Amino acid sequence: MSLFQNLPLPFLILSFITILCALYVVTSKNPIHSVLALILTFFSISAHYILLNAQFLAIVNLMVYAGAIMVLFLFVLMLLNLDKSSEPVKSNLWGISAAICAGLLLVIITASFQKAGLAVMKSSAVDIGLVKNLGRVLMTEYLVPFELTGILFISAMVGAVLLAKRDNKSEEITS
Amino acid sequence: MLGIFQNIEISHYIYLSCVLFCIGLFGVLFRRNAIILLMCIELMLNSVNLLMAAFTEYMGDQNANGQMFVFFIMVVAAAEAAVGLAILVMVYRNTKKTDVSFLDGLKD
Amino acid sequence: MIGLSIIFFSAIIILFTGIQKPEKKSKNLTVFSLLVAALFSLFENLEVINTQTLFAWVPSSMLDFNNFRLSMVALVLFLSAIIIGLMPSSEKKGSDLLGLTLFALCGGIIMLGSNHLVMLFLGIEILSIPLYVLAGSDKKNLFANEAAIKYFLMGAFSTAIFLLGCAFIYGGTGTLIFGEMQLKVGFAAHFGEFPILIKLGVILMSVGMLFKISAVPFHFWSPDVYEGSPNRVTSFMAIIVKICGFVAFAQLMSNFEPMHSWYIKWLIPISGITILLGNIAGMVQKSVKRTLAYSSIAHAGYLILFLLIPYAENAQILFVYSLSYGLSTSVMFYLIDKYSTADNFDFTIFKGIFNSNKLDAMALILAVLSLAGIPATIGFTAKYVLFSKAFEYNQWAVVIGLVGSAISIVYYFKPFKYAFVNENLLTNRESSLFTNILLVLAMLSIVVFGLIPGIIL
Amino acid sequence: MNTLSIILGLPLLGFIINGIFGSKIPKSLSGGIGTISVFLSFIFSIMALPMFIENPEYTIKLDLFTFLSFDTFNLRVAFTLDRLSLWMTLIVTGIGTLIHVYSISYMKEDEGFYKFFAYLNFFIFNMLLLILGSNFIMLFFGWEGVGLCSYLLIGFWYKNAEYGKAARKAFIMNRIGDLGLLLGIFMIIQQFGTLEFTTVFEEINKGTVSVNTLNAIGILLFIGAMGKSAQIPLFTWLPDAMAGPTPVSALIHAATMVTAGIYLVIRCSALYVLSPIANEVIIWTGLSTAIVAALIGLKQNDIKKVLAYSTVSQLGFMFVALGCGAYTTALFHVTTHAFFKALLFLGAGSVIHGMHHEQDIRKMGGLKSKMPITYYTFLIGTLAITGFPFLSGFFSKDEILTIAFNHNIVVYILLVGSALLTGIYMFRLLFVTFFGEYRNQHYAFDKVHESPRLMTLPLMILAVLSIFGGLLNLPHYLQHEGGILQNWLKPVIGLTHSGQHEISFNTEMILVSIAVLVFVTAFILTRMRYISRKQVPQEQTPTGVLGIISNKFYFDEIYDLIFVKPFETMSIWLQQVFELKIVSKISYGIHDILRFFGGLNKKIQNGNIEYYLMFMVIGVLILLGFNFFN
């Protein structure tokens, strides 16, 4: 296949692992396995970041996604004590149609690129992704969104507490 | 970086990201467990992150706009995950289920 | 900008002073701060006060509140004051819900002022995340739970699609700043064919925005979520999210104006289907709240017609339309909240309203007439200016809009069947004087701007 | 603060206060607010007077905002106070104040007291809107508003079905006229591209518009005036409109509303001067109205109906003057007529009040001794309208007759006949009501009482005005430099008819003598019949020509036959065949189809989020596919 010609092996292997792990995430019956597979996916994506000269991003990705978010997922899974029996299996027809939809989307997007082709500019700068550069940009140009994330976090925090907190008064569940 | 990686074109990263995105999308359509759905959405977000980082690298954007965007996507994903899981816990408490197709009380 | 600051700080104050306490007192503070913020935004707009030195540290490439945006901010703040002021304060819930509402409003304002994709994205999320929580704030109500989870999952999904679009746009134009993006697109327009990355990006980003304003086929969440959420949240979603979402969408699309003839080719069908589906599905509903949800879907269709008009020319009309839609819808939700019971949202809740409460009956009549676009109300003014302007660009879209308006009368006039029945209506509560003043204010605006459109046009 | 906004705003304020808080405040307060708001408006108009006297060209403008704007066509909410509108404003607010004062006492017992005053104030506001508007659209707003208020006021005692019918009749008749006015306005827009008075009249004066167009516009506008000023064939509503409370009749149907048509023609004098055919139409319509209404008036037995037909007849006189181009004279007659007709109506109201709501003159008689003030003021009013020398009516009517003589001898002779009839029916009314013996068995004579001071005071003021009103525009044989009104209006109405100056002093003296002779004849004839022979109007309806007259020439019946019946038949057919068989089938069909699609949507909106997500993805696919295949 011409698509893979001249491609370095590490990239191919890395991409292969990424896609495989991602597929395992969506197909695994056991939610715990899904979470673990997702963490693996994130690791491989971090490796891609390093290939792309985004070294700091790679570390942050590991810390935030693999370290924080996925742990949160695991925690909730264990809290709710979910295992493979908890999810009813869907009919084949549904699976096929879902696959067709996703496949069509992939085909349409890739086909559009095949049709158009892309002008590629190679980067010569290597220090873009270092913390020095990122910090400068974050504290100058992106200062406003950086501060506004405060609003996001405080509302997410308050909201999460509000919803997940167990009320003392036992109320009737209404429907 | 290493010389051999010079051969990788931007289109490869686009394809890779699109494949990851579509896998995530397939998961969203296919699975019924709300937590897995949420994980699939995280996967979709990550594929976008990868694409952003790739564009930054290939355009040589000195301000690293794409990588900045990735930071904010991560921030939002974390907040979203927290709120989403809180909603899930709440629903689970009331229904003992995390199956999305089970909740269909609201309809025409 | 000053409005944003006021709202943010008052949200913090309300959150920390009122947590776990009944929200009665915080409600007055909230409405007051909203009105103050609206006034300040208005002053800022009219250049009575100068805030440029105060906010000099904000790069205009991130947040830029120009005149039109400031007037929209003032409008949104004013409408929020009406929404929150009209709705009763809950006895059980703490005032953290009000705080969250204000945080969401911050997101809306950020969307209105955003000049950068990151900012727009943050705005959308700051608006959405508190709303996911608010939709499910009635924790022991299964419908509210369902609404929250539906809204959350579909919202997060649409966010992912939106972000993919952003990535493509970034790849295609090399920038995230609105003005520069427009330059790049205009540059590309000289070469005839637009890069595929930009086209894909525009479509995917539009999907994300169309989801927020609930246009077909991304509208599925809205009837269900509107029905399940608490009334105040529904009202907020139907008005603020829609207005902010659409204005942000219009500002985003203004960057791709060189591709105008391309994107209206698929936006017109979306608009037409949205109008028809919203109105036809609204016709067969039994619940008032659901009917209003479909009505708001139809209004999303009318809103998309604005994109036919070049951005520079539609600002004022957009303002009038938002004002009209916001006023009428907020009055309708107030009445629904006042007269519905937990398990009854039928049209029969208005039975005998004319006999028992003349003010509310007048409000109902005015709001319904305005939503249906009957002359002498602001709704007519708004629809008239929109349709007459859009007609210059595409006749068929406007014809569909008119057909939709005609269909909509069927369900808008349903309350009239019950309103004049000679029967006494039992309300579950009395309105306070303050609420009634706000109501009269809204009613007056509906009539005055309808009779004398010259004031706002 | 602009004077104009105060003059306009006060009655509106009164309306709003009475409308919103009226039910909560005591009657005296709401009556007071209503009266004082109009009175202050009157005072402010008077205060504006000196500036207008000093400078003939003086105008006050108030330009509020744009009502609507299309490409080059702007509709502004703007008002202008010039000499003509100031004169009208003074009449409206002045007479309006007196009637408000009178109403406080007259409506004392009514439970809708505050509503009545709110309507009255709103009426005054609309009338001012009509007079002060600086373009046709503002005039039209006032015009419609006045129509609406008259509907509300005529049907004020809406519990009586007959009254409600009268109100509806007034409204519908007015609407027919309004259609003409509206068409005229459309034609003006089409022809001139603007509705501002000044611009339109400037264009006309340039002489670029053809005479035919002007005639057409003139006739269309006159149709509007016909409706509002009750001319044949649109006059039958006015007598029926007497169903309203008597002060309403005085205000609406004597002093102000019916003069709207006259005002319109005077305002458009620049147009009418150049359209001869329209003028002829106006003259002959006015003339026939004057005669027919006077004839009908002869045989009426309801005290208010007689006065109503008298109003219609007098309006006919005014239109004859307008048709002859004597705008000043018409306005002069409007003024004096406002004085004595308001006086007569209020006097009639006083009689009705004293007789405890008895309106039939056959059941009255001999009231002179019991109600002296009412009697004397009513007498003055009668003398003024019948043309007793040197009272106000004498001058104004004589001027009209002179102008008619100058225009066409036939018109003159017919008008003199009509004036004779006026004398006869007015004296008949006076004699039957106040002289002779008391004839009502159901209501003891002793119970008849004079009205309270609040009601007699306006009567006395109006009586004084009726006596001296003629001073406002003395004929030139008494005042050589021309009357006050004539000089007053010169800057507003450029081309005034100069007819009076063409005839010699001797001819004029002969005309005056004829007028006096007419008065004397009418007086003697009526006196012989009702005082000397003590005749009383018959109970049974007469036959022959008199029968036709007492049945109002069968106007109502003819209208019923020509318009109402065919429409009824047609509407029944439409309802039963067209509507039920065709229209409803189609509309139900469409409705069913739409409901079917709505039902389909129910299948999609099934509450399951998986389906929703799937549909969303399909939507994205379609959008992307569209892009891919294009």
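First chain written, first letter: the chains are A, B, C and D, and each begins at residue 1.
In this text, a contact is a pair of C-beta atoms (placed from the backbone, for glycine too) under 8 Å apart; a residue touches a chain by one contact, two chains touch by 3 or more.
This is a predicted model, so every value here is computed, not measured.
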* Asked: Once you count every C-beta pair in contact for both, which comes out on top, B-D or C-D?
  -> C-D
* Centre to centre, by mean C-alpha position, how many angstrom separate chain B and chain D? -> 76
* Structure fact -> Averaging C-alpha coordinates per chain, one finds the centres of chain C and chain D separated by a number of Å equal to 49
* Chain centre separation (chain A, chain B; CA means) in Å -> 4
* Asked: Could you state the distance in Å from the CA-based centre of chain A to that of chain D?
  -> 80
* **chain A, residues touching no fewer than two other chains** => 94, 98, 101-102, 105, 109, 112-113, 115, 118, 141-142, 145, 149, 152, 155-156, 159-160, 162-163, 173, 175
* Structure fact -> Residues in chain C with touches to at least two other chains are numbered 118, 122, 125, 129, 132-133, 136, 139-140, 142-143, 148-150, 153, 157, 199-200, 223-224, 281, 284
* Touching two or more other chains, which residues of chain B qualify? -> 10, 14, 24-25, 28-29, 32, 38, 59, 61, 68, 72, 76, 79-80, 83, 86-88, 90, 94, 100, 103-108
* Asked: So what shape is it, when you link every pair of chains that touch: line, ring, star, complete or other?
  -> complete
* Structure fact -> In the complex, the residues of chain A that touch chain D are 94, 97-98, 101-102, 104-105, 108-109, 111-112, 115
* Parts of chain A lying in touch with chain B, wherever the complex brings them together -> 3, 6-8, 10-11, 15, 18-19, 22-23, 25-26, 31, 34-35, 38, 41-42, 45, 48-49, 51-54, 56-57, 60-61, 64-65, 68-69, 72-73, 76-77, 79-80, 82, 86-88, 90, 94-95, 98-99, 101-103, 105-106, 109-110, 113, 118, 120-126, 128-129, 133-134, 137-138, 141-142, 145, 149, 152-153, 155-157, 159-164, 166, 173, 175
* Within the complex, which stretch of chain D touches chain C? -> 65-69, 77, 591, 594-595, 597-599, 601-602, 604-605, 607, 609, 611-613, 615-616, 618-620, 622-624, 626-627, 630
* Structure fact -> Contacts from chain D onto chain B in the complex sit at residues 601-602, 605-610, 613-614, 617
* Asked: Any idea which chain D residues touch chain A in the complex?
  -> 610, 614, 617-618, 620-621, 624-625, 627-628
